[in-house]
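See the structures that follow.
Next, two complexes with subunit A in common: one pairs it with subunit B, the other with subunit C.
Our next item is the complex of A and B:
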């Protein structure tokens, strides 16, 4: 059934761009300032270039596996064991990121306006969206993504352009921020900001051709690089370095500054709709892939029966951190620093092994003949 | 309780879904097969598994067949009985007139049935007198047509001396005696009865094993009037009626295309309601027509009385709030959509034609959009979309803002709102629910109330809801404005069914806004969006051409392009002919080469 679904390029690019860019609405701009000071935007560009290069390598390695996802390729590389190992690593990664992101989105909503509401109650609304999305399937999620991605982008740019009176270009100096070392050497791990590219390795069968795979990869990294760079740059331009470092949700703080005359002064709640929508898209898409990867890994016929168990699991894990700071640190310290290993290194390793095995079987076959 | 238990079971436990092959609209029927790109280990394994499965199935089949042979005695008897029944239903017409008369009397329960008329008479053929009778339903037939085209020639003209009498009685009646323009010959009772039930006049003659049926429809019906629900200022003012042929003719009159097919089909085991499937054969996708035909033919029901019923039988999902088939009472709208590659179904007895497939944007369009210049149509569409947002979200937004996002409201306005709500004892959500329910009551009562009392209800409603409720401090004045604007917004929705969907969902958004503010509303919008993106209408995604995005369809969706820019038909209906006008459709604008300079001088 799944193989019958085919996405257009617009749909897949929108989905991946949303998945990569949605962190803007969380703590991403602050994270970049923490890592590279006023050179945050340079760090994003550097990470984007690295991500492009690594993706070029991956797409080259991918060429013989047209229409196969990373789990299929894991199966080709190491049979059932290979498939299960690859699938399980992806599964753990997805469960971790969905749980942490769910908590972060819910905590952000509490910070914005639901100060006295229990976190579990807020999370339940996000969970409802996730379950609905996963239940209806990836086809409807990407379609909705294709419709909403431009709306989210317009909302984001409206915020950033709306605070233009606060721009101060002198704040960009020193351009290299906390130093070349921090940007170009330690900054390598920040390639993780493009870790959502791993979803591309899962949607490959829906894209059918290698050309679509490549176009989607490059375009989504490119678009999100623009968005991420822009958000980091505006964070530096609008706030001083120390202030930019302290903002828990920099884009929300920007939205609070938007002032459209005397009558419309506090419209950040409207912008909140845009980023709640992006959160729903992100969470439901990644949550769908939890069920999808589980189904593929263990060769189940249906994925829908595992939606509720995984929803319970994700909900429970998300409530484990005692507070928002712990949840955010979990994401920054562990996820953002090391996830590139799963997003970029694991696919390369799996692809190399699969290619080697195919080559070996071909030469073996030729010798036998 | 049992129903509740079943619902809970269904919600909590997994039930293996039935494997239904869903219809996907492809460019042509050959595309349905997906070519296999490469064979992998998994594929080989799957094939082996399939082979094993097939083996097991054949073994099981053999076992089952043996069992069946043993137990077939009873079944055979049953089957024979059924066959007998069927043969009775479709039994052939006898050569004996008395047998035929007796059969028809039995079928129509004559003489208890007062409106069934049987008239016996004699025909002269080759100097012999042959007995005959006609049968028709009084009130459904035109007496003059029967008298002048059936009885008169048969009773009087048969006495004339016709020179060539070489042909038999069957041909003689058809070729020489009955001058009616639609005379059909049938060999089974069922076919004749179908004709009689739909305003035909049956003729039985002694000595021949056929019966004749002449079309003599003549029932009372409404004439062509202005459409009630889709009024326009610019454009045709004709609406469908309850008569099938009049409706098909109204469409043909507009299209004037020999490629327009009007395919007759009957629905309902007992009612045999005549329906017509309309499409343009060299534009509409064949698989779409086939799917419509298949769905209509598959309906097993006794009676279908209106297109509203048929719509519910053939739509993709019964639970989606939005309609998946477009119902219109405008022949020009049907003609326009047929020309776009859609299929229409007209049901006898219904002034609403069904058009399919339909997308979300089709439901926002009005008939007038096509006839007015593009900037006006664009403005109207944007206003309609604004109306939809108001009808759907405004009450929810009001509740959310007043409860959770007070900082959004400018200071002066918040003073005004709080001052007006000072004496109101209810929370805003209760306040708005009281008003919305009252509004719905007035709307429903307004439709049911007899005509002359209608204005009275308006006055009472306005007085009670407006003046008295505010004076009694039950609701605040600002809420009256919110509810009124919401009501106006819902009236701006051009499609009746879609307006219903928004009316229902509005209440959900009020509760979501009250529960958790904008996050609740966003949850509702997201879930609704996901459901709409998953929905399909006859294989076409409901949110096309935006999700999925299809080529060249943006010219006439939300913003209308100039008419000469609308060069292609909607790509998502996969028409046979995508181009609807030439690249340069305004021939007069094309400059001939070498004359460019002259124009300027």
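Our next item is the complex of A and C:
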């Protein structure tokens, strides 16, 4: 499959930018305020710089492995065991995040629009979209992402510009918010907001060249850094600290604030489009990669037969948290604090081992010769 | 491949839309609340008043159901009210729903009115429910009624508007051209209530107490305490304006909060000063005694020229706040007929306005520190920028220090235009000729 399908830089950048930025529509802006107070936007910039630096290291280490994904490289590093360990870690990570995100999307949908509908009913529709996306394959998802990414961006910027009467730049002071320690030391773990970069290590075979790999990585981190920083800044400008700590789905609440004259108000429908589209793209792309990683890890010929079992698993796990707060805390306390280990540290470790193995085998080969 | 992409797009769109079928609701199934009133209850914690729109009346042009545009032309019949006593807002909705054929919907509520009595006790326990619900919009105006909220809402029977919601929308925006009131929406009010650098304000509303022009009195006017011989246009609070009209509801002045508790109220004139200091003043007529002939008045249409320039010095024990208000004006009325259009006279008039406004602003600011102990102008925003971290800012404890603040007020006032008259020619009187 990977050898036949190739997609361009725009498609891959769009996909990754959507995957990294979609958290804007959930609790991301609030999460940053929780971590850094009025310095939330500084924290995002700091995390983006760190993510860029770590990606520079990873792309340097990636250079001998053009056209290979992280699971292939895991195989080179540790044989079958290496491949299975690497694949399984990614698999667990993807199942966890897609389950939690599915629950969050469904709960938020229920809170803002579908008050009476049972949560399982709402989730089933999200699941239907995810299953359809996974069945159609990565090419359909990526190409749809390339079409819809600008729609999502336009919707987001329209909402944030629409609340300009509420901007008050004095709200960003004190500029260091909850302090240097919280931003620059404890804030290190917030590079996890760019954890979707790990998908790049899975789509490397579709990008073919190292150049495409690098451009996609830097551009997607850069674009999402702009979106994430802007959302954090506007959240503080509009909602004020500490009241901003209370807001569920700050971007939705921003959309509710848009009130330009008596004619241009109630633009939540704009939010709904951007939010639902980015949600479906995010969930179906990540869900596709669950099946894809499983196939690669266990060297299966087809990925489609595992779609329904995984859909059932994800659906079941997503309904395990007893309430929306538990689901959100699972994402904030565990995923957003520790997933950088899987997204950034694991690839570096795997790449270092693989390079060492290759170097050793070359040296061994030369000695034998 | 494009076929697959299109199919996936269609599936996504269908998946977005179809879940809505489960809790589908028709627009016609709802009764739309346009105003919510909260008073202290007689037999329960709260008395909840809901003003509901009658869409059929509004749609037919105000003259009665199915009139097809005929009938009357006002909105007095376009609403109905329900009053329930309840422990909380939402339990009250539940009780009210029981008597209606349609489900109450708050998505079109324009104003939430608290009675003064309730506001003085603190409204946090009631208002905390609002940001949780998606139905009530953050742009809903917050008002405090000098009479009961129930009376105020029942008194809103607009005669110039068919749509009562439009009445609220437009009435609460009049401050832009009168300067005698404010409009604080729930979003701002809630943030200010929880803020560490600014206290909240709300619109002061009330029911006019005069039934005829013969009943007019100045008992409740604030002109006397200001040492004026007669009241100016802003020397009243809501409910006290000498005004006779079928529409009894009115707004004038603002309610001052400290946290969630109302601690005082300002009259229309002080509200103008508040708007000038906060930079929200648009334009409006301001009357002062004629600087040369004190028994006459001068009226200028005063406009904000530029945003006020404020600074806060926190180096000393007490915060020192400097305010420079920059205004311009057009001459509207010179009762005395003195030629203030002349440059040398214009300077006298400008100076008189500068002194009048400076004195009024200082008096107003002193009330905020000494009487209310509430930074309703938000000077704390400026002070906050002098700190690097939130902990340092919280330790400074601005809201407690504000009561000791000292002010330095400057008013820059320039008359720009003189209306359609460039020079006042004195009135000619006929001289009585002596009989030969």
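Assume the second predicted complex is superposed on the first by the 365 of 369 C-alpha atoms of A that agree within 3 Å, B and C clash if a C-alpha of one lies under 4 Å from a C-alpha of the other, contacts with A are read in each partner's own complex, and residues count from 1 in each chain.
Note that in this section contacts are C-beta pairs under 8 Å (C-beta built on N, C-alpha and C of every residue); 3 or more make two chains touch, one makes a residue touch a chain.
The structure presented is a predicted model; accordingly, all values stated were derived computationally and were not measured.
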{"item": "Clash or fit (per the criteria above) of subunit B with subunit C on subunit A", "value": "clash"}
{"item": "Contacts of A:240 with subunit B and subunit C, given as first, second, both or neither", "value": "second"}
{"item": "Which of subunit B and subunit C A:113 touches, first, second, both or neither", "value": "both"}
{"item": "Touching partner for A:34 - first (subunit B), second (subunit C), both, neither", "value": "neither"}
{"item": "Partner chain(s) touched by A:129 [first = subunit B, second = subunit C, both, neither]", "value": "both"}
{"item": "Which of subunit B and subunit C A:175 touches, first, second, both or neither", "value": "second"}
{"item": "First (subunit B), second (subunit C), both or neither touched by A:267", "value": "first"}
{"item": "Which of subunit B and subunit C A:257 touches, first, second, both or neither", "value": "second"}
{"item": "Superposition clash, subunit B against subunit C - the stretch among 242-250, 512-520 or 566-574 that is involved", "value": "512-520"}
{"item": "Where subunit A meets both subunit C and subunit B, residue numbers", "value": "109, 113-114, 117, 121-122, 125-126, 128-129, 132-133, 136-137, 139-141, 143-144, 147-148, 262, 265-266, 272, 276-277, 280"}
{"item": "Subunit A contact footprint on subunit B (complex, rising order)", "value": "14, 16-17, 24, 34, 37-38, 40-42, 401, 404-405, 407-408, 410, 516-523, 525-527, 529-531, 533-534, 541, 543, 546-549"}
{"item": "Complex contact set, residues of subunit C against subunit A", "value": "1, 4-5, 7-9, 11-12, 15-16, 18-20, 22-23, 131, 134, 137-139, 169, 187, 190-191, 194-196, 381-382, 384-385, 387-393"}
{"item": "Residues on subunit A engaged by subunit C in the complex (per definition of touch)", "value": "37-38, 109, 111-118, 121-122, 125-126, 128-129, 132-133, 136-137, 139-141, 143-144, 147-148, 166, 168, 170-171, 173-180, 239-243, 246, 253, 256-257, 259, 262, 265-266, 272, 276-277, 280"}
{"item": "Subunit B partner contacts - residues on subunit A that touch it in the complex", "value": "3-4, 7-8, 10-11, 66-68, 72, 75-76, 109, 113-114, 117, 121-122, 125-126, 128-129, 132-133, 136-137, 139-148, 262-267, 269-270, 272-273, 276-277, 280-281, 284, 302, 304-305"}
